[in-house]
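Note that subunit A is present in both complexes that follow, paired respectively with subunit B and with subunit C.
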Partner chain A sequence: MKNFQWTEPQTIEQAIAWLAKANGKAVLMAGGTDLFTEMKEGVVEPDLVIDLKSIPGLASIQKDKDGVHIGALTTVASLAADAMIKLDYAGLSAAAGSLATPQLRNVGTVGGNLCQRPRCWYYRDAQMDCRKKGGSQCFAAKGRNKYHAIFGGGICHIVYPSDLAPMLVALDAQVTISSPRGERNLPLAEFYSLPAKNVRRENVLAPDELVREVKIPLAKKGTRSAYVKLKERETWDFALVSAAVRGTVSGGGLSDAAVVLGGVAPIPWRLGKTEASLKGKKLSQALVKEALRADLQEARPLEENGYKVELVEAAVTRALLSLTRPL
Partner chain B sequence: MENTIKKKSRTVTRRAFLQGLGGGAAGAALATRMRGQNAGAGQAGIALPPALAQKTITFTVNGKSVSVDVEPRETLLEVLREKLKLTGAKKTCDRGECGGCTVLIDGQAVYSCLFPAVRADGRQIITVEGLAEGETLHPVQQAFIEKDGYQCGYCTPGFIMSTVALLGQTPSPSLAEIKAGLSGNLCRCGNYVKIDEAVAAASQKMRKA
Partner chain C sequence: MKKNAYLKMAIGNKPQGKETSTPAPAEFKLIGKPTPRVDGKLVVTGRAMYTHDIFFKDMLYAKILRSPYASAEVAAVDLSAAQNLPGVKAVLKLKEGRVKYEGEQIAAVAAVNEKTAEEALKLIKVDYKALPYVVTPDKAMADGAPRVHDSANVEKINEYSRGNIDQGFAEAEVTFERTYKTAIEIHQTAETHASVAKWDEDELTVWDSTQAIFNVRDGLAEALGIPETKVRVIKMYMGGGFGSKLDANEHTIVVAKLAKETGRPVKITLSRKENSLCVGNRPSTQITIKGGARKDGTLTALSFRNTTCGGLDSGDQCSEPTIDVYKCPNVKVEEFTVFTNTGAGRATRAPGHVQGTFALEGFMEELAAELGLDPLEFRRKNYTTSNEGGTGIVYSSKGLDKCYDIGAQKIGWTRRNLKPGDGQGKKRRGLGMASQIWWGGGVPGTLADIKIHRDGSVEAVSGTQDIGCGTRTYMATVAAETLGLEPQDITVKIGDTVYPWAPISGGSLTAPSVAPAVRDAALQAAEHLRGIAAKKLSVPAADIVLADKKLFDKNKPENSIAFKDLVKGLRREAVFHGERGPMPAGFAYNTFGAHFAEVEVDTETGRISVLKVVAVHEIGRVLNRLTAESQVVGGITQGISTALFEERVLDENTGKMVNPNLQTYKIATSMDMPEIVPLFVDLVDPRINNLGNKGLGEPPRIPSSAAVANAVYNAVGVHLREIPMTPDKVLKALRGKEAGS
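== the complex of A and B ==
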């Protein structure tokens, strides 16, 4: 690994001041479980690593009248184990518990999970000069693309690998972003950006910004959430397709529905037409199949990943029907 | 505090000097550039913490306090194996996929191959070497022997550390909980059935004890 220097800020202000000053030559490290692998592979070669773990107060889960605040440095393990999260946002707890392994959940953080880089094997190979690394082509377009995008690809066919991201988008989460200019809040759905906007990045963070906190609106009475993750192995795998859903079932009808997919697009992929078709109707397998039709027509599978279209139907059906199951 | 760190980073040890020579021109140029940034302040006059090329860390490993100089790129695994000669944790995949390097940090199972050694400062580390008391094996080690919980044995230290962490949190795990608890460890001999039996046996031993 190329050598680098290390700095331990005590405040967010110090971290972002370093980030601004290093002018693209520094990276932030939260848990480091993703970043360190990129550095070992030579995909990322910073001159300076800014330690976020040295800043106190960023690892907590707190509920107040505005919602639930999850500090960016909260570990995935503590999110998965949190009793209030389990009760109010079962889908988020399930998503956290489904990702990686105990060893990675103990170290990996919520902020790091939301800012992780794609798993595309061409991106992860330092020898492959793909668009994401400044090159002129996407090798997945005509190469091996079993795990790649069926929606939203275009010039780069990565899928966004986070399990927390689709679930948090389905829960209408916001991120609080700090920079030398102050703080701004952004819906998580607008935090992610398609390759067509900036192929080098998966989100809209400026070079001197960091994610400080995730905020989820208070759970409405009767609203439930679920996360179904389909993968090749039973455990320790990224999603081939995942479905993050939220909704309220009362008197047989579904309201307040959100359906967001993971593993199928460069960003968490919201199925707006499906949501509209489900509104107020009684959930059934046949209804979900019908409701998905319009959104699935927009799928553009590559040579090896057409199977994902069928997995979408399976994942969304299972996730939505689980909302009707008695608690 | 800042003064001590600055002082340490400026001290030229024989090791750092030799490494500096080995690092060549690129390394020297980097060091100069970053050192130049140390003294300054950021925008709005915020005092910046120093950028360290090396840090002296002090932590507890298997009950003993140790102090070592590390570079930021060194992993805890490398420091344990190469500087402290604790070779129980294995460098196998070296990218957080196999679990051969699992150690406990403050009681939690962690891949030491993805853990920057600089972050071990002030922490309590337990490796497989720290489990036995003299000649008496830890109940988890004993159970792995009795139930043939290994074949070639290379992954075993990692599995044992994950088991110790699992039983610390869940003293009587179900088979599903055992599988989930050990899901971050791979055994290429495919000895999972026996490993699961060993974990169940260890759980029984520890509850009786």
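== the complex of A and C ==
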């Protein structure tokens, strides 16, 4: 590990000031569960680590008339355990509870989970000079790609590993971003960006910006959400495929639906055509299969990950059908 | 350790035809009961000293620079910048010329802390010229493939035949051929390899995370060119050893040299990545079995062909179960190894038997279905009580039939799908089983001492090592039982080459080697004390009983003397040298078992859940039911883990392993574990040794993956024939079956 400086700002303003001054050579640290593995492997070698944990007020879940505000330093474990979240956003509670292990959930944070780096095994090997690290090729394209993207890859086939991101996108969450220029709000769906836009990054944060909180609109009456995560192991496993869904149930069908996938693309992957085809129809396994057809036609599996197409169908079907199950 | 040497050790010395064993009583007071580990408290409170914990005030830390290339010519290594880094105390060049795998040693550094050592590695300049390589068996076998060694990439490593294979197939009414594959598995010990070396004048002491202190001692002496008498190796506690810790490892020799050069103790702790690349693995296999049988299930022929890959070294011979387990007059075996530019394979918990059993037992299950027979009845039909499939010598004891009876009853064998895949629905359940054979007879000549002090305290001493199996506890139990004391009255001293010789802790041979040696020493001690007590109590020595911390007249128990009071009168502390005796010739000494698994397969997601495993083993006398059960749980955990998850993933395009960490090299978690029911056949081998016990380290690992794969076959009607059975492979097999039907 390369030597680095360490700072513990006491306010958001101080943190941003450090960030701006470091000119792209700093990293933000919350739980550190992702960052430390990257630093130990030499994948990132920052000059400065800005530890956010001393900043007060960033680890809370609060509901007001605008919606639910989740501070960036809220631990994943406390999100999973929150009674209000469980009641209003069952899918989010499930996504948080499905993540990693109890030890990692106790330390990992919501902000950190949304800003984590990809788990591609070529990216994570400092000796592999891949596109994401500034090199000229994607080793996964013709290499070992069982865990890689079936959608949206192109020049870099990572999948975005977060469990919270697809669920929060399905819930129409926004992120509040702080920088020396003030604050801005952005739909989480627009926060993530494809490799084609900037292969070195997975989101649109500028080097001097940080995510302060996530805001979810108030849950509408009758709207439910669910998260189904398919993995190899029972625990401590990233999703092979996950399905985050939200829908308002009326008369055996959904009057509106959001279907977002995890584990299949470099960003949370929204199935717009599927959502449109579901609307107002009676939910059934056959309907979901039919509704998925158009979106799945756009899948571009690599040599070893074709099975993910089949998993999408299983995950989305199970997630959607669970919405109509009696509470 | 070379696998052949390992197997020779596992089989034990050739029986010598001399019956020296004192027959053991049918029932003991302590032996065989569930005794908590004598060192359990130390371990769970974190006070047990592992090699990772060894620390000296002036100690240096070593790191090794390793080749990032699968094959390269190292033209030059420039150490000067590293040598000049403050805090660096020594730098060694370890290689020039050709390197043959990712992870091969190039140079080593000793520095005042790990960080400085790591920085120094970055300052070493190596001039590599990358060379062509092969990292997968398929590529290595292709025409014109780059050669790994000077010889061909494929080499025959074993052949065997008995009877007449052609005639066997001619007599068959059904012939059937299937191919089974197993992936490369890494020895992922919780405690990675570690060594600390310290010189005192010309004497070297090494603390090593090892299964074999004497092998490490001898290997170090040879590598350093010093007498074995000048090397002492110590191993107190160990976080797992599955075969990769059986010799003096390269990094251990390196720290001995660095310590010599610097005059300070030097420690090395391998990273998880080094542990994944450089210290061994279980070779992969591709095994084709062709079998012939009569319609009633009588086997007439078995042909076995294995293509195994152990990287730079030979792969595993896997045919032993096929040669031995089932009665079959005509057998032919051919085994080949394929060399690749990857880390060398090494003995891995039941080398060869795990892979060979996966193939043989999968084949038996599929052939049974083809014949329309109950797979368990099919196995019983071909049962034999002598080795080489009924053509060899008789087993001293074999309780496999009882394992079948107990296991079938406990799992509810009649619940299985009568025809594989008969179940309905998205989630399908199935039952499968597999048989197990292994050696585990122990090593004659193993030594142990019993030392009785005049204050009444007693030591049991042997240069064996407890690698987590409970060695200390059964040594204490055997000594206490024989001397009429309690386990906590015995101080166990092991893990040091200054103690009497004991073999490696591998090959399931520690318990059947060390426990009889302790028993032998304790019997001598008891005999001696009986003689003294006889005089004191004025009764014949033969009538003296040692029990309840006393020696007393069996006809008049109140005529007694306390153990403590008796030994107070000794002139000096009394030492008794015990030895594990030879095994009578004319018999085969093996362990047996059968696993029965129940699984549920999600046919939409390809996910397999193991619901229950009933494991029944025949290991002669059980020494400690508690640690024996743990051993079985561990074997099943590894078996499920490799059946469902574990695989070294190599990238042909770069020659590198892409999953050298525990996030992507997936090991089963506690959440993946089913209900496990460990059971033992109540049987004492009549002649193997003075306790009638056999080994248990490897047996529970052997059939565990096969039983799970067979249960999946019973659930979905298609045998995957390949592990790990990850969702991608399960879905592929299911769709293949749909397309075929």
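Observations
The rule is simple: the second predicted complex is superposed on the first by the 327 of 327 C-alpha atoms of A that agree within 3 Å, B and C clash if a C-alpha of one lies under 4 Å from a C-alpha of the other, contacts with A are read in each partner's own complex, and residues count from 1 in each chain.
Just so it is clear, a residue touches a chain if its C-beta (ideal position, glycine included) is under 8 Å from a C-beta of that chain, and two chains touch if they have at least 3 such contacts.
In this text, all values refer to a predicted model and were calculated from it rather than measured experimentally.
In the superposition on chain A, A:W236 makes contact with both subunit B and subunit C. When the two structures are aligned on the shared chain, A:V49 is found in touch with subunit B, with no touch to subunit C.
With both structures placed on the common chain, the touch criterion links A:K142 to subunit C but leaves subunit B unconnected.
Applying the stated contact rule after C-alpha superposition, one finds that A:E310 touches subunit C and leaves subunit B untouched.
Ranked by how many residues of subunit A each touches, subunit B and subunit C are led by B. Touch criterion met: A:N106 reaches subunit B, while subunit C stays clear of it. After overlaying the two complexes on the shared chain, residue contacts for A:M1 are found with subunit B and with subunit C alike. By the document's definition of touching, of the two partners only subunit B reaches A:G32; subunit C does not. In the superposed model, A:M128 lies in contact with subunit C only, and not with subunit B. Residues common to the contacts of subunit A with subunit B and with subunit C across the two structures: 1, 37, 101, 235-236. Here subunit C touches subunit A in the complex through residues 68, 115, 118, 604-607, 609, 644-645, 649-654, 656, 658-659, 663-664, 666, 668-669, 671-672, 726-728, 731-732, going by the rule given at the top.
The touching residues of subunit A, when paired with subunit C in their complex, are 1, 37, 101, 119, 121-122, 125, 127-128, 139, 142-144, 146, 230, 232-237, 240, 304-305, 307, 310-311, 313-315, 317. Within the complex formed with subunit A, the residues of subunit B that make contact are 23, 27, 30, 33-34, 37, 40-44, 46-53, 55, 71-73, 75, 94-96, 99, 102, 108-111, 114-116, 118-119, 162, 165-166, 179-181, 183-185.
Contacts from subunit A toward subunit B in the complex involve residues 1-10, 13-14, 17-18, 20-22, 29, 32-33, 36-37, 39-41, 47-49, 51, 53, 77, 100-104, 106-107, 180, 235-236.
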